[in-house]
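Residue numbering begins at 1 within each chain, and the chains themselves are lettered A, B, C, D and E in the order written.
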């Protein structure tokens, strides 16, 4: 019970709050019909995940998470929603089999995962480094993950060009 | 710096991508000019990969392995790309203003797949896979006037994204149980942890990503819609170049897995049987020829898996050979489709009526291609099947082979329907003769010769594939 | 609280919520959001393994970083495709898109 | 070809048998359009054959030991089929008979068939027949005999169905072929059993072996019975006798050829050929005797009820064949063979005479012929009477001697039933023969004259200008045969000497029994037989010959019996019914339906099922993105399940 | 004399190559010169006849065994050899193929639609047939086997008659379903034999384990048996024959069905003697049922080609029965029957083909009295029918004789049943002959000319062969048994 008091207690509390935010946000992102609510949920959830990252010991990644996800992706989504506004008008009927199937599949999947997680005997590596510095990350990015690093730039390039071409914002097309 | 020589084919494609990138910035790129460039550049690309065939070594701190296996597949991918570029002369399916981007994405995709076949580190694999997927996601909805087929892009994207998310999830578990992202080390660790459910889950989910690319049952669901809904050329590309990379990945992954555990092999058997049966059964009732080919590709993924699941060198070699065969045959069919539907519309089977009059050469190419797909000698398709089944029987999988052969017979039915249309049916309305330019003529003759010669004189190619398989296991 | 399982279960919940979203949301953008959730779940996994099991703490972080990049690119591409579809169909309801079947 | 000259016997045998074959080939391939030439070639070849036969007969008459030539026709480690010639007295005699009859018939046919559109074809078939029959006669081994026996069947099929435009003719040909085939199956099986059990099918060998009890008894009985099936089929014995009367649909010369000395006689000939073999099995002999008797009596009754000229002779042929079989079955080797010989002569004579009537009057009905003035044709009228006398077994015609021989053998038999049956047969034979003769020769202008049946008018398109030539072409053979019939009987002794002298086994049987026949009872028997024949003649005279004769026959008073006889004891109906219900209605339709519905239906069903399954399965690929995703997820779930359970 | 030079000359490959060259040459001829196509086809067919006769004549019967052997490594890693040779079993088959092709080309002399494609496909088919007959390597046997099957589809579907698309599809799928069993069988044997050679005789020498032989044999038997028309897998035969054009029917029934029986003999029985022993009973049973059944069902048919189709079922049953006896005579007879049935059916179909081309019907009730107007055409059919009935001095008589003798010896009851069914087959053949050709003159066919000499030639050749080998059976029997005797002793 002592865990609920003191610094550790606060940390505990904070942890569960973060978890709550994450799951709540995720629920909000999935269940409501209003797409804007969903986006808010996504922002919440991703922020929560950033918090989780903090608990997992990486400030850097947490910040990046906020920056990239919340700052970039969610804004993009909101823009997209703005651009496709009229969809609010149609409220299609839910199809029961789809709902049942979806829920069932997700539930089964989750239970399965739960089983796997519990059943598995997670073994830590015999020797564990303690080097959490950003410098190491940077180092590795330019050495071992050099190729991936280059490729992801290509990915982003493709995404940009592709998005422009596909969405039809091309200079030539709009003119 | 000598190490960069190893990377030269990929670098070449980077340069090529850059060329098209800059062309896309041009105000108005002439389609004919782009086509010429594409043909020449991709042709040289084939040359570059062929020259790099005997390279060996590793790059990027062992994250990137260059061996005969990867180089063979790079050649196959390059050839696939080159052929697709060759038939882009009448790229009516894509808006003229987007041609440059089209070629750019194509090149990038090729590049990504080339890196994919060499990548031996999970993160690199994942990212290169995503890169190739994204370029395809973007290529598919490029179709012009795509009213009916507009939904294809989003379907492909959604399914692909879901599958890749699952794969990532699986990779995370693999990482969790093996503590590494290097495939070689993962493999070393796997047997030790194979009794852990998480390892199995991770492996299956990760495999799902690759099998998704290969359109194996039950990860096939994108294939029919995408083949049908995308431009003919893109469909051809997905069916040929992209398939090669997928095959390479599956071979490499299972080859690394080399677990040879009873369960795993049984699973693969079940998947391959389901894939063959499902693909062939549904293909029977198709009307759209591309959709039909999509289902047949599902079935072929099953056949190829038979070779792979033997987990022997011979099996891998046969799978590589099969991939080669599949590339040739499938492309032959697609080439005919593209040429017959020269305005870029989707070809129905009945529209092939009277093809033997409109263009005997194309009709023959189509017939041989389809017979090849059905596994009829003396085409390369038969030899491929023969080798695959031989490898399977060497492990004693008699029932599997019988099921495979029964399926081959089943598949013959719908291939024959297409052939019947091409050779037998009287066209309901007068179709114009198909324009066959010099490139197409020489290409189809080359394909015919290849289909027969590689089928009848497989020795050379088998030596190559065996060496490649040996390199894989080294 | 601070055990591996907690994080893994959290990740699994996120992932499955995402899966649920993908499987039954009718709004394409909603599906995209769900996919982002799935990726988030995977990322948590990596970070958790990184924290509790892995020999090198940097690797997991790097992977998570890359996943973010991928997610961004995916979102961009997905949104552009959705918008293109919207122009064609005046709708982003996935149930409208079922002309190809069989 | 030097060997031909080195051994004239072999050369003669070869020439005699193969020349007709060559003639057939030449006619079919080259001279089909030239009718005269075709006939010429055919007749030339058969005359040559006849000359060869005579040469062989005279040359080897005193040879004593059989001359045998053979080459391997087909040879495998387990099977040796020789082709060759076995020239022993029996075959030489038969060769001579066959060649003679064939030659006469061919000459006769020049007149009879003149102007027929298929003239060349006719002669080609005749040559084919001659080839097959001649080769069969001198075959040294049973397999060769069987082979040519079948060819004889083929040729007779072609000849019987010569007027193929007529349904009844083609039907009759088919019937003849199939029914004899039925018997041949038994023959064939018998040969196979014999070969598998004994290993050799050489005629001399099996005769010796059977006589020497080297072949196990049961095997002899079984194979003899099976081989006897062949005799039943070919020689139209009960119960396969009905094809023969139908076979009269062929041109009359063909009937003469087939039903006198050659085709139908082949059965009896074969039986006598391996007589010692048969004789080694008393059971088989008993069966043969019984069947011969039944056949003889049945056929005689049938002959009493018909008004068709040729039918009468056909039934009488059946009956006489039965009589021969009786003789053989009773152990009278020589008697059977001798009756075969004489029967060949007088039956050919009878048919050829009938042919002349038919050719003249274009009808087969004896009453019509009689009323149209049949007796004005002197040559056939007299000849036919001679033939009828011979058939009835009256002195001094050939039939008398041979019938006596058989009666003698029957008398030897412990069971006298056979003898009485034989005597009854003789009575009936005389009755129906002279019934016919009186109908033709002493017509009454009775009211009940059926309208002339044009269906029987084969020669309707014969031009009258050929009349003279044609008549004499037909008359010469007839007269020749008539004279032979008159004198042949007196050659009994030399023939017997010839036939049984060289044949140790046969001699033991034949001579012993014949010798015993010359006892006291012989004269009683002689008197009895002649008495029966005369009684039959008298009976016929009472009913048909005398001035006031009603020409109705006693059968009219027994309508049931008449119908029974006329319908051939309902044998045909029985077969038809059996064929219809068992073969066509039963097995055939069952199998056909099974083939369409079950076997083929299963195949088509599988195909339909496959396509249907494809259609069903394709619902998995619905247009709904999320259903598809669900399928995928479910797939992954199942895969995982696979691992974890 | 010449055989010494021949021994070094790759004459078998030349035969095979000549058909492929013919195929290419025909494809290069312009579409608008059908006459030239036919002449070229005929020329190459004649070449095939000459070459195969040369092989047959210079085959040394006393020496026996494999002759004209060509053998070299084709694919190293899995041990595929180019291995062609002639022994007593396939030498007659080569002649059969050549003759049927030659007569088939002549028979189709009047073809007018898509001539070039027709002859090209026919040569493709024949290349496959030659290939199967001369190859001694399992891989090649299978390759050529399939090559000979799939051209059937276009050949029937384009130039065929009644229900051609259905028939073509059914036939092709059915037969290739058979090869779906053959391939696993072959590969199974190969894999068990160590997986380094497809050489038939090397595998034979290895002596596979009994259980393997059982499995492999039944697969090979059923697979090849489908093509051989083994009951109950025969239903493609009538349907396909009815649909096919004349020359294709000739080649198909005449040669291709033999391919199945030949495959059973060459592959199945050679490799799996013990398997044969295990399944021989079944083989004999199915064969006997086929013999009886074919005859009975043929009795009820009203389409000439159906009749022939069912007679083929019956006759191929005789082949199967002969093979099942495992005796010298049985197999001799089976091979002989393959040969003579090939010639006979070719004659049948070419006779029917001529009639059908003129009258446009092959329904027996509609015909009738044909002998009046076309005696020669009818004669060909009738002769074939006699051959089918098993009349002596026609080559099929000897075959049947041999088979029945050994069948009665080995399987008394079934053998006797098969012999008895000869009556039924006689009945059904004669019934057809009677209904079709006999009977009164039919005005409908009055104007139809009889076969001209040019078209009669191929049929005359076939008749000649039937009669020739019927009269001189040793000419072929000695050759056959030079291979069969050692074969049986090795069983």
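Note that in this section a contact is a pair of C-beta atoms (placed from the backbone, for glycine too) under 8 Å apart; a residue touches a chain by one contact, two chains touch by 3 or more.
Everything quoted here is computed from the prediction, not taken from an experiment.
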Shared interface partners, meaning chains that touch chain C and chain D: A, B
Steps needed, at fewest, to go from chain B to chain D via touching chains: 1
Chain pair, A-B or D-E, that carries the greater number of C-beta contacts: D-E
Most widely separated chain from chain D, with each centre as the mean of CA atoms: A
Identifier of the chain whose CA centre is least distant from the whole-structure CA centre: E
Euclidean distance of C-alpha centroids - chain A vs chain C, Å: 6
CA centroid of chain C to CA centroid of chain E, Å: 64
Distance from the mean Cα position of chain E to that of chain A, given in whole angstrom: 70
Centroid spacing, where centroids are CA-atom means, of chain A and chain D in whole angstrom: 102
Contacts with two or more other chains, residues of chain C listed in rising order: 15, 18-19, 22-24, 32, 48, 53-55, 59, 62, 66, 70, 73-74, 77, 81-82, 84, 94-95, 97-100, 102
Junction residues of chain B, two or more chains touched: 123, 127, 130, 134, 137-138, 141, 151, 153-155, 158, 162, 166, 173, 176, 179, 197, 201, 224-225, 282, 285, 413
Multi-chain contact sites of chain A, meaning residues that touch two or more partners: 98, 101-102, 105, 109, 112-113, 115, 117, 122-123, 125, 145, 148, 152, 155, 158-159, 162, 166
Pairs of chains found to touch, sorted by chain label: A-B, A-C, A-D, B-C, B-D, B-E, C-D, D-E
Residues on chain C engaged by chain D in the complex (per definition of touch): 19, 22-24, 94-95, 97-102
Chain B - residues contacting chain C, complex: 123, 126-127, 130, 134, 137-138, 141, 146-155, 157-158, 161-162, 165-166, 168-169, 171-173, 175-176, 179-181, 224-225, 228-229, 282, 285-286, 291
Sites on chain B touched by chain E in the complex: 314, 317, 356, 371, 376-378, 382, 386-387, 389-390, 393-394, 396, 398, 401-402, 405-406, 408-409, 412-413, 416, 419-420, 423-424, 458-459, 462-463, 466
List of chain B residues in touch with chain D within their complex: 151, 154-155, 158-159, 162-163, 166, 197, 200-201, 204-205, 208, 217-219, 221-222, 224-225, 263, 266-267, 270-271, 278, 280-285, 410, 413
Sites on chain C touched by chain B in the complex: 11, 15, 18-19, 22, 28, 31-32, 35, 38-39, 41-42, 45-46, 48-49, 53-55, 59-60, 62-63, 66-67, 70, 73-74, 77-78, 81-82, 84-85, 88-89, 94, 96-100, 102
